Each structure stands twice: as structure tokens, then as C-alpha cells.
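Structure provided below as C-alpha cells; questions to follow.
Order of writing sets the chain letters: A, B, C and D. Residues in each chain are counted from 1.
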Amino acid sequence: MIHSDIMTKTNDTALAKLRADYAALGDHLDRRGIDITVIKSKVATYGVAVPSWGVGTGGTRFARFPGSGEPRDIFDKMDDCGVIHQLTRATPSVSLHIPWDAQPAADLNSKAEEVGLTFDAMNSNTFQDHPGQAHSYKFGSLSHTDAATRRQAVDHNIACIELGQQIGSKALTIWVGDGSNFPGQTNFTRQFERYLDAVKQVYAALPEGWTMLSEHKMYEPAFYSTVVQDWGTNLLIAQQMGEKAKCLVDLGHHAPNVNIEMIVARLTQFGKLGGFHFNDSKYGDDDLDTGSIDPYRLFLVFNELVEAESDPDFDPMHMLDQSHNVTDPIESLMVSATEVQRAYAQALLVDRTSLAGFQDANDALMASATLKQAFRTDVEPILAMARLEGGGAIDPVAAYRASGYRARVASQRPAVSGAGGGIV
Amino acid sequence: MIHSDIMTKTNDTALAKLRADYAALGDHLDRRGIDITVIKSKVATYGVAVPSWGVGTGGTRFARFPGSGEPRDIFDKMDDCGVIHQLTRATPSVSLHIPWDAQPAADLNSKAEEVGLTFDAMNSNTFQDHPGQAHSYKFGSLSHTDAATRRQAVDHNIACIELGQQIGSKALTIWVGDGSNFPGQTNFTRQFERYLDAVKQVYAALPEGWTMLSEHKMYEPAFYSTVVQDWGTNLLIAQQMGEKAKCLVDLGHHAPNVNIEMIVARLTQFGKLGGFHFNDSKYGDDDLDTGSIDPYRLFLVFNELVEAESDPDFDPMHMLDQSHNVTDPIESLMVSATEVQRAYAQALLVDRTSLAGFQDANDALMASATLKQAFRTDVEPILAMARLEGGGAIDPVAAYRASGYRARVASQRPAVSGAGGGIV
Amino acid sequence: MIHSDIMTKTNDTALAKLRADYAALGDHLDRRGIDITVIKSKVATYGVAVPSWGVGTGGTRFARFPGSGEPRDIFDKMDDCGVIHQLTRATPSVSLHIPWDAQPAADLNSKAEEVGLTFDAMNSNTFQDHPGQAHSYKFGSLSHTDAATRRQAVDHNIACIELGQQIGSKALTIWVGDGSNFPGQTNFTRQFERYLDAVKQVYAALPEGWTMLSEHKMYEPAFYSTVVQDWGTNLLIAQQMGEKAKCLVDLGHHAPNVNIEMIVARLTQFGKLGGFHFNDSKYGDDDLDTGSIDPYRLFLVFNELVEAESDPDFDPMHMLDQSHNVTDPIESLMVSATEVQRAYAQALLVDRTSLAGFQDANDALMASATLKQAFRTDVEPILAMARLEGGGAIDPVAAYRASGYRARVASQRPAVSGAGGGIV
Amino acid sequence: MIHSDIMTKTNDTALAKLRADYAALGDHLDRRGIDITVIKSKVATYGVAVPSWGVGTGGTRFARFPGSGEPRDIFDKMDDCGVIHQLTRATPSVSLHIPWDAQPAADLNSKAEEVGLTFDAMNSNTFQDHPGQAHSYKFGSLSHTDAATRRQAVDHNIACIELGQQIGSKALTIWVGDGSNFPGQTNFTRQFERYLDAVKQVYAALPEGWTMLSEHKMYEPAFYSTVVQDWGTNLLIAQQMGEKAKCLVDLGHHAPNVNIEMIVARLTQFGKLGGFHFNDSKYGDDDLDTGSIDPYRLFLVFNELVEAESDPDFDPMHMLDQSHNVTDPIESLMVSATEVQRAYAQALLVDRTSLAGFQDANDALMASATLKQAFRTDVEPILAMARLEGGGAIDPVAAYRASGYRARVASQRPAVSGAGGGIV
């Protein structure tokens, strides 16, 4: 954790400017008929989960360039996640990846208490082979042609649920790389039948109150076909399973040009939106920092979410899922959590009564202007004030840099090598 | 129609070469354990519908450059369609577009008998405003915010069914341009609710034995969102309607890089594949000639269709849907019908027992090779022989050009102007 | 034009809020070390050209739904353009399209004086056939296989230059639809040789002080290949011609996912960036309102332009180029002009010294944050104050709607029909 | 190497069918006025280089699933490459990747002689950090902000040239991952200036008779911008360097929907086409087996190459560049080499006189049909006969499988672990 003196000191430096900006924004919103404190309190209660693997430096198939002080295990990772929440007050939970993070539940719970975090959705991993594993996932896992391999993948998912139960998780996220690299390699229909059959076995093991989140992705690691390639297939899975099964939307998992906010609306309408993996992308599943490439698209997604908030049963899970290749992962996750909050706050500013009126009147220009007005409002003072009042940092990156945390852990954690792929 | 002497003469010229090629292919297939006559007879019974609007020269929003002898009305169009079927023996039916082709049923039936054609699916048109129409579709039709406009669109679809009943059609294809050009212009959920509600009214009017085909499209004419934007939404529509409702797949209506053959497999698996609009595309809904850009993709679609043929209830409708901007539409439609047959014949050559074995063994290389072997077999002699034996032309384009048909109709049909859009 | 009383009245209503917002923003920028008046004066002198064709309602190949009071000719169009500039003070010039706008120079100059506008780049049109034209452009224009057709297209471009000289224009923009719809239809190399040869003849006719702007586009109206398909070919053209030839970038004319701001940087670096067609797109050349889909991308383009401003010779032309299918074109153009100014103002706020430091230090996170801080600043008060002080409207759309201009011209201009395409 | 008895035996099995197929194809081509022996002899002299890294199993950032008998070093790799050429007679050279394959020149030359291969282009690697390297490439190499890092990258390239000179290579291929992951991370212009400056230093070290091949790629490993992102930038590099510098086209390195054959034509026209990396892709840089996804596109590329063959100076380098994740790499490379030959043979069958005539007459339909006729000709008998007559296998995969080569090397080469990435 960061020493509180550091945070106090950096906050003190920034406080006067923040007060002035906050007051000015409050006055401005008041002129628009909006109470800034209402927005601020909604933002203050909003949280997004951090992925345990996100605090390590990511890489590509070509190379990985590790940073200093890379976390060695889940306990190091939770230390890092604790710092993120300490400074941003926006990331109260961690999402584990099994078997990477598999440790005794008691140890996990104890560490969680120490760093002030809880556990979000469990993530199973059947896209890699793990030491000691009987059957390889080279040709698939839950949809493999071999029954024993499918069984192994089912058992792994059930083990994830069991660990999750002991640490207070309430959801299992399933993402597989199953697919094919050649036309003809797999029979689409039989492969999907096997997949559905296997997932049903996992679904049957879901405890009361749990949600199964199914995640679609267009391609990678399979490069011709992927068994859960889009939201259409994902919807079929959720329908075939039952009420506890819902769809997870990763913003980077779609075909070029796809209107993602519309998919969010469709899944919401039919009760099947289960959660998000937030990130940003320009080309494929780039896993770039949330909001760094197309912040308006992120806003439009949140516009749908705020639109749906009136339904008390609507409660999708929110998680970051990014690969930090050229930044300090802690910094990227702090900024990204803030970007998610920003989009949420902007979406809260949309004048929905006016918007509905413009929509009914087919006044496309004013409907667009209504969204743009909310989007272009600089809500940073609201976010900063919510952080400050929650015990966090006005400027999380500045406080983090001032703290020397990275240098400290670098001295405690041995350097790791930068092994990477070897394919051009 | 083409004078039979012309066809006989051009056939005579090509006959010796065809016989030699057919015999050689028969021998070759025999070495692969395939009986060429079985393939030929399946090809001979295969037909694809021609769209009435396809025989006119197409255009873009920038311009339209009409050819000579453009058909003036549905009767001229049916003359042209008759020639296509006469020469190819592959296009036994015509698909009408209403109101463009709205004429007394008796006249349509009489003309159909004259030219030897039947009527395929009816196509409604609520993406344009027609003279005398009470409500404009500028801001939508079946999903319009105004109830009277939706009602008008529903009534138009029902009128299409009614005319269809009188001319022997058994299906209604619904494609709308409804969507939006600005974020915020429409509320995705309420718009889709209105759409579903309106389509339900059309569905309720479907006669026994009819199918409703719903067609999705990513974009155009709406450029930010489209109400039936992809197969996921299309599937929801078909599910909400009932058994008579199925999905139509137009090969050019998907996001870049999308695996279309997989969508075909998914819809087939869940009993919701209703039909096709065949064409080809490189960028968007280019409506290029079928098989002209990516013939292997077309083959992979047919590979799924042949795979599914073992189910006796599986019977999707096949139609061409192209825009012929730089060719004689009759020639393009003849060649395209042939390309569809070609992909079908190639798919019939796939050694499915071997393929299934390679799939079970995860032998990706040999599975791919099995498809490629079928694809690279030059089945032209089979197609030509099937045409010849069916009374058509060995080389339809050569026979058509020799016939002077275009010059003849050009002298009978006044030239039309080339009006087009005016937007850069 | 709008009666000045209307503008005064709507301005009076909004003035108090604007003053408060402007003062607050001034204080905020002052805390960031930025003088708001410097930004405001730069914005005040910034102008973007309006395309004459933009004030008419656009359409697609499927349909066109005209609005009321559609301009009948260039003089009506210039009236509409005059209103746009009157209210926004941001669009001092009009770009003509020939032959659509071909009228005696004296009449054009007289009208320009009346409405207070000047003339921007001339646009030639060889993508449509015009009445009385000897040779059709169905198969190309400047690159046609037939020499007489190429000559006709060259002559047309020269005629555009000659008219332009008489009305004070200083540039010719060439965009052609030449390409092909089938592999094999054209020989890429010979077609491009013909194109270069023809353009050289146009280039030779360029007067002193003129610029030739070459515009690339990936596809449409040609759907397999386009002769000037991307900036690579565009650059070759500009290099082959000479110093007066530069490249024009239309934001909607690129392949999916392409990094447009990088193309802007490359062309700038090599002295070949000549101008812009601003609009926005989600799928293809959607010609949506500028900044309506991805405002951050627009900002990133302006970030490059401001970066390059230090070079006194850097002076690309700025023009809007949009298709207004569902809005009042005057409103869309006013809002779009404002969006261009907004991106410019935001780009002016970038702390370039800090940015360069972060870039040199490979501090990707802070470099990104530096751009985002500028982007998220709500500069609307600067834009509104610049308009007000320039004699325009604080809220151009509100003033325009209050004025009743559209109803007035609708009563003077006969309704036009909504003819459109006929291709599904 | 494979024992010659094996090859003889499998050839004997297939010989009768091949003779029959070859004779039938010869007759057919004779009817089309083509001498099959001319085509066969051209195919027989055609070769494509194999990348040394291609014989190892590839992977993704998620995982790598090694096969058995993975090559341990360049000498094992050359053994595998030797087998590929032995069976296919189509891959006479190997392309090395430094430092992966850095070994004493004498040892490399000796091994090359042993396995009957020569050395194609040298590939430098500055996209990974190598043990003992002074400066990291995390933030770039030839375009790094730090001069010492750039110098290190330049020196590495020069070392590649020096080794290449000793082993008979005549070309250096430069591909870098330099770019950025965030808007603002890098200044596009200054980065490219640094890149050009560094490459000039490498260029200056090119021996007489050598070619520098510059390779562009849209994205990956950098996900917002890449310094050599497309052929436009690549062309600028080749122009800035000089005559020895040319552009290399990798089929998987372009934006979605891009017309690659047109880029091939443009680079050829301006003397800057230097070589190819053949593979296939459906989504991004998928590095799938050549011709496995879109064989017609591959044919269209070869159509351009055959078109350009009449220029005696036209001699681009041909190399495979694939990632084999689910197949035996030796099998994939054999099949891919065959696919390249197939496309070449098909392109040789194009009736270019007719094609030119159709192009001049704007007969798009017949121009397309001319290409399609060549493409759909099953040239497998030509390829197989050329292999047989050259001492190779009629069916390379069958012979390879019969040989037991993989099992043999698996017993000699210790198993390697399947380490992979860890990022979702």
C-alpha cells in the first residue's frame, strides 16, 4: 500500500484547483438543471473489477518486455490491486484466473482482507496446457473431439466454481480458444453440440445465486473459426443453459465496424447481458487501455447501461481486461478505472427526457446533440472529488509516482526474463 | 426467347470439346470413386431464383449508367428472366419486388406460363416512398415511431402476401432499411420492440405453408445503426415469431472478415436457416456477381448446405441478388446461376467420410486438403452437360450473344435516362 | 439570410449562461497556464468551406427522401450557405461542383457578394453522364480505355479551372469513380498509366498560384478496384505531377481500422497534404456529420494539423463533405462546422512541451493523458463567444429554428420528388 | 532426408492415376491451344524460399502447443527444410532469422551443401530483446528515441548483412515492430525521421548486388500505430533509400478488404516490388497456410506477377511466412509451396491476348470469365508431374507420412515445453 502521508501531500497540492473546478462545474450543471452531488454520489458507489493478470506486463506473440517489480504470484498481484483501489477507490474487487491464481482459499481470503478487496468472477483457463495435465488443449477443450479432454475441461471449470465459493465469488466466466485454423478442420455443428453439452455439465454445477458468464470473441487464438465467435452464438448458449447463464461483452472481441452499443442493448432487452470486459481497440483484440482510442464509443455503451438502470434486476458485472505492454500496469489500471467512471458520469448527465422527445420526433440532430452535450462535459472534478472524499487520491498517477511503490517492490521481487514468441 | 436454331448452332460448335472434357472428367472422378452421372443429375435438378429487379442495370448513389434495351416493366423483366432460364436451365423461378412489379395476378400468371417460369419469394419494399403513399419512410417503416406509418408498412407486407397467394408464391422476404444515422437518433430497444410488434402482425397474416424470411444487413441505407443488423438480431426475430419465420442470409450483408459459412451452420443447426441472397462482395454490400471475388467462400457455404441435405426438412430458398452496373444483366445472371451450380457440384464432390475421419482425428491438414480437392475439380463439363441435356446451352453467354436478343429488345424498348445521385 | 432581430433575441436569451461558462473556463484554463483569449482569437479566424451540394438532402442508392425547401440551383444553395456562415461565422467559402453549379461567373460573383461568401476549390464531375455529353463515363473517365473519352474528361477539368479563375478559386479537386467491378475487368497498370497521362494534361493547365488536389477513395462507385484507391497511389500522383499537386484526405475514404491521423502526418512530412473533406463514418464512405461518430479521431487529426502549423507554408484546405439524409442540411452543416472548430480548439489546448517530453521519455501513459486532457476540455464557451463576437449566434441551431427560414424557402421553392435507386 | 525407397514406393502407387490425369489435362489444354509441357517446365523451375522459423510449431500470445520432434537449432531446421525440398522440389532455399539462426558461416554452408539448399534473404530481428543486449527494444528499435538503441539496431542489421555475404545471401529483409499503443505516445513525424535516418545507415552498408527489402504491416505488435504501416510508407522508404531498396509484401499485413493485387501492380509499375511473404489470412496477420482461405486472391496476385514477367528485370523474391499452430510444420510448408506453384501455373494459363482484348472493349464479364477459366483448371497433374520428374514425390504428404521422419526426429530431439503468453 501507499503511505497515507504521500497521498495527503499530493492531494494538498491539488486541492485548491480541484475545489475551484468542482465549484465551477457545479454551477454549470446547476444552470443545466443537474445537481452535481447526485452525480458524484453515484460515481462514488461505482466500482469496476481488476483482473489479477492485468497487473503483470502483457505481451504479444512476438515478444514480452517485462517491467520492473513484476508480481510473482497472486499475493503480489493483490498487493498491486490494493494500491489501485487505495488510490482510485474505484476497484473494490479482483477477478482471479485459475490455475494461475490457484491458492488455498484461506490464504486468498486473508490477503483480500489485508488489502481491502473482494473477489469478482472466477476465470477458468482451458486455452493453455498446464503442467501435469493429462490431455492437451491443442485442438480444443470444452468442444474437443475427445470425451476425456472435454471432461477434463469441465472438471477444471467446476474446480474454479468450488474455489470461488470459498472466497465469496458469485460468477464463473468461460472463455475458450476452441475453433479451427483451416476450413474443414472442424465440423461447425458437431463442435458446437459438444461445446453445449460440456457447458451444460458446468452449468449444472453452478451454486444458487451464481451466474455463468459466456464470452464471445471473433478470432484469436483460432484464426479461421471460433466456437463462440459472436453474440449470436453467445445468445444461443445462454438460451440453451438457462436463467443463470448470461453473455459477457468484451469491447475488443468484435468484427471491424460492429456497433457494440447495439449488441449491449439487444442483450439487455432479452435479459442476457451478464457483464463486460472493458478495454479499447483499434484493430483486433488489442486490449488497449479503456477509453484510450475511442472514448465516445465507451460513452455510448454506458449510455445504454444508464438507460437500463431503471430496471432493478439489471446488474451486469464490470471488469477491466487489458494488456499493458508499454506502461506500468498499475498506472494503466488506475487510469482505465477512471475512464470507466468518466463514461458512467457522462452518461448520467444525458437529459433523457429531452432525448426521448427528440427520438419520438425523429429530430436526429438534436438527439445527437443531446448525447454530445453530456459527453463533452468535463466531469473530471466529479471523479476527483469522489476519490478524495472516499479517501483516495485526487491524481492517482501523481500520488503513485510520488510514493516510490514500483521501486520498492522492484527491490523485493526478482526480475523476470522477457521470453516471447518466435514467429514473424 | 432465343430462337432454338441459335442454341443448336452454338451447341453444335462446342459439343465435341464438351464430350471429350466430360468423358475425361468422368474417368477422373471414377478413379476417385465418384459416379459423374449422380453429380450431374443432382446439378440438373438444382435451381436458383432470379430477382426481377436484377435484369435492369443497377447503379450507385453516384450514378446509374443504363444499358440498351432496359426492361420497362415486370413483363419485359420476365421476358429477360425467361431467356436466362432457357439458356441455363438453372433459374426456374422469379422473385418479385412490390410495388415495382405489382400487376394483376392473372397477367403475371399468364406471362409466367408464357416464359416457363414460376414465382419465388415475394419482396416487400418499405425502404422507399412510393407515389400516393400517405406516410413517408424517411425515418423508418415497420419500426417507425409513428403508429400509422408502421400500420401502412404492415398493410403493404400483407398486400404482398395476398398477391403472392394468387401467383403461387410461398414466402415473403422482409428487408427494411430502418435504423439511424446518429448515435441517439433512435432508442435501440424501443425501436426493436416496435419492429417486433409490427412484424408479428405480418406474421399473423401468413397463410398455411408459407415462410417468412427475415433478412439482416449490417448497414446501408442507415449508417450508424440498423434494426436488423446481424444474424443475432435476425435469430431473435425468427424465435419471437414462430415456426414459419426463418432467417435469410445475403452474402454481402456482414461485417468485414465475418465467417459466413459458420453463420449458415448455426442457423441450420437451430432450424432457422430460411434462404439465401447470393452475390459477392469485396468491401460492403457490393452486390457483385456471385463467385466473382471469392469463389472458395461460396464453396464453403455450399459445403454446409450439402452437409445439411441429409435432413429431409432442410430446404432453404436460393435466390440471386446482385447489382449489374457494368455488364449486361442477362449475362451476369446466367454466369452467376452457373457459379451457384458450380459451388453446389464441387460441394457434392467432397469425400465426407474421409472428412469426418480427419476431423475426428484433428488432422487439420488433410481435412483442408479434402475440401480443396473437391473445390479445385473443374466441374464445368458436368454443368454444361446438365444444361445441354436439359435443353439449354453449353455456353449460355455465347448463345445469348449469337442470338442478338439485346439488340432486338433495344429496338422495342425506348432508352431510359441515366439519372443518379448527386453526393460526393 | 436570417433577420438580425432573431439572432439578437436568441443570443440575449443565452448570453448570461455563456458569460458564466466562459468566465469559468477562462479561470480553469488560466490555472492550466493557458490564455483563453488566445485560443478564442485563433478559433475566430478559422474557417471551413461548405460544399454547395451539401445543402441539398442526400440519399443512398436505395432512396432519397427530400426535405422541404430544397435548393433548386446554385443560387438557392448559396442563400443557404450564406445562412450557415451568418450564424456560425465559421464557413466563409463555398466549394462548387461542376457542371451542377455551372453558371455565368458574373452571376456567381454577384451572388457571392450578396451573401458574403467566397469560392473555395472547384470540383469536377466525371463520375456521372451529363445531358449532351458525347462519351459516357460508364467505364471510366480520366482513365478510360478510349482516348476521346479521356480527352472529354480532361477538357471538363480544364473548364472547371477556367470558371474557377473567374470567381477567385485557387484550387481544383479531382475525384473520379474510375475502377472496376470484376477481377480482370481492367489492367491495373495500363489504367493507371492512362490516368496519369490525362491528369498531366489537366495539371499543365493549372494557373500560377493554383493547387491540384487529388482525392483517394477505397471503393464506391467501383467495387473491386479503384484507380486512386489509397494515399499510396495518391502520393504517386502528386509526385508524378509536381509541386502544385497535393493530396486531399476525406475522412471516410479509408479501409476499416486505418490510422488516418498517421496518413495526415506522413503527407504533411513530405509536403503533399493539400486538404480535407471532413465528415464521419462508421462503416464506409457514410458521409455522416463530422464528429458525430468518433470525435476523438477528429481531434487526433487536428492534433497533427496544429503540430504542423509552425511551418508557415503549411496551409491545407478544409472543407466539409457530408450527405444529410435525415436532417435539415443547414443544421447539419452548422453543427459540423462547429465540430471542426471544436477539434481545432481542443488541439490548440494540447500542452506540446509536456507532450514532447513524455514522448522523448517513452512515457506513453502521460503522453496519452496529455492529449486526453485537452480533448475533454469543454471548449463550447470559446466557440460560442467567438461566434457571438463575430456577429453570429451563440446557438446557431436555436437561432435558425427560431427564424423560420426553412418554412420561408419551402414556400418559395417547389417540392422535388424523392426519386431514388432501385437495387436491393 | 527421406529414404528414396519410400518415395519410389509411394510414387509407384500413384503413378498410373497421375499419368491418366496428366494425359487428360494435356488433351484438354491442347483443345484450348496450350502446350502442357511449356507450363510444366515453367513450374519445374519455380521455387519459393522456406523460412527457417517456419519448421517450428508456432503459437499465439495465449499459448503455444509444440509438436513432437521440434527442431532445436538451425541445423535441425535445415534438415527439416531439406525434406521439404526433397519431396516438393519447390523450395530450394532457406531464409535465416538472426540471431535465432546465427552460427558460423562455415557450418551453415556445410549444412546447406549437405541438405541441398541455398540461402535466401537474411532477416534481422529488432522486435525482441536478446540475452546480453545493451539496450531494450521495448519502445522501439530503428526508430527509438534513444540514439544508442538505434545504433544497436543498425549494427545488428549490418551484422546480418555480413553473415549473409558469407553464405551467399543477396538480400536483407527489415521488419520492425516499432510503433505505439496510445495516441500521443509517439510523434509520427519525428519517429519516421529517426527510422529513415537509421535505415539509411543500414542501406549504406549494403554490398553490391544486394537488395534491401522493407516490409510493411498494419499493426501487431504495436496496436495504435506502426512506423511502416502500409505500402505508402513502405514506398517512401524505398524512394528515400535508393535503387537497391524495394518493398516486400506480406499477404496478411493489410487492412481488412484491401485489394492486395493492386498494390502488387502499383509497386511493380514503379519498380519497387522486391518480394513476398506468402501466407493466408481471414482476420489479421493470421499467418495461415498459403491458399487455405482465399485461393482466388492468391491467383490474382500471381496474375499480376505473370503479367509483369515480360520485363526481364522483374525478379521479386518469393518466400513463405506462416505460423503452423495445429499441423506438422513440414506438411504445411510442403502443401503451401505447392499452393504457390498452383497459383503460378493457373496464372500461366490465362489467355492474355483475349484478356487484353476484353479489357480494351470494357467487356467486364468476359474478362472475368477469362481469369476464372484459368483459375478453375485443375493443374494438380502438372505440379505432380513436375515434382516426379524433378525427383520428388507425386504426393509429398503421403510420402512424408510413410517415411516416419517425424517419429525418427522426435526420438532424436528432446521434447520442448509449451510455454506461452498469459494475457486474456
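Criterion: a residue touches a chain if its C-beta (ideal position, glycine included) is under 8 Å from a C-beta of that chain, and two chains touch if they have at least 3 such contacts.
Only a predicted model underlies this, so the values are computations on that prediction, with no experimental measurement involved.
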A-D against B-D, pair bridged by the larger set of C-beta contacts: A-D
Most distant chain from subunit D, judged by the mean position of its C-alpha atoms: C
Mean-CA-position distance for subunit D and subunit C (Å): 42
Centre-of-Cα separation between subunit D and subunit B, whole angstrom: 39
Multi-partner residues of subunit D (each touching 2 or more other chains): 138-139, 180-183, 185, 218-219, 224, 256-257, 259, 282-283, 289, 292-293, 296, 326-327, 362, 364-365, 368
Subunit D residues touching subunit A - in the complex, by the definition given at the top: 51, 53, 56, 58-65, 97, 100, 123, 127-129, 136-139, 175, 177, 180-183, 185, 218-221, 223-224, 256, 281-284, 286-289, 292-293, 321, 323, 325-327, 418-424
Sites on subunit B touched by subunit D in the complex: 17, 20-21, 24, 27-28, 31, 256-257, 259, 282-283, 289, 291-297, 326-328, 331-332, 335, 342, 362, 364-366, 368-369, 372, 375-378, 380, 397
Residue numbers on subunit C that touch subunit D, as the complex places them: 138-139, 145, 180-190, 192-193, 218-219, 224-225, 229-233, 235-236, 254-259, 261-263, 265-266, 268-270, 296, 300, 303-304, 307, 355-356, 358-362, 364-365, 367-368, 370-371
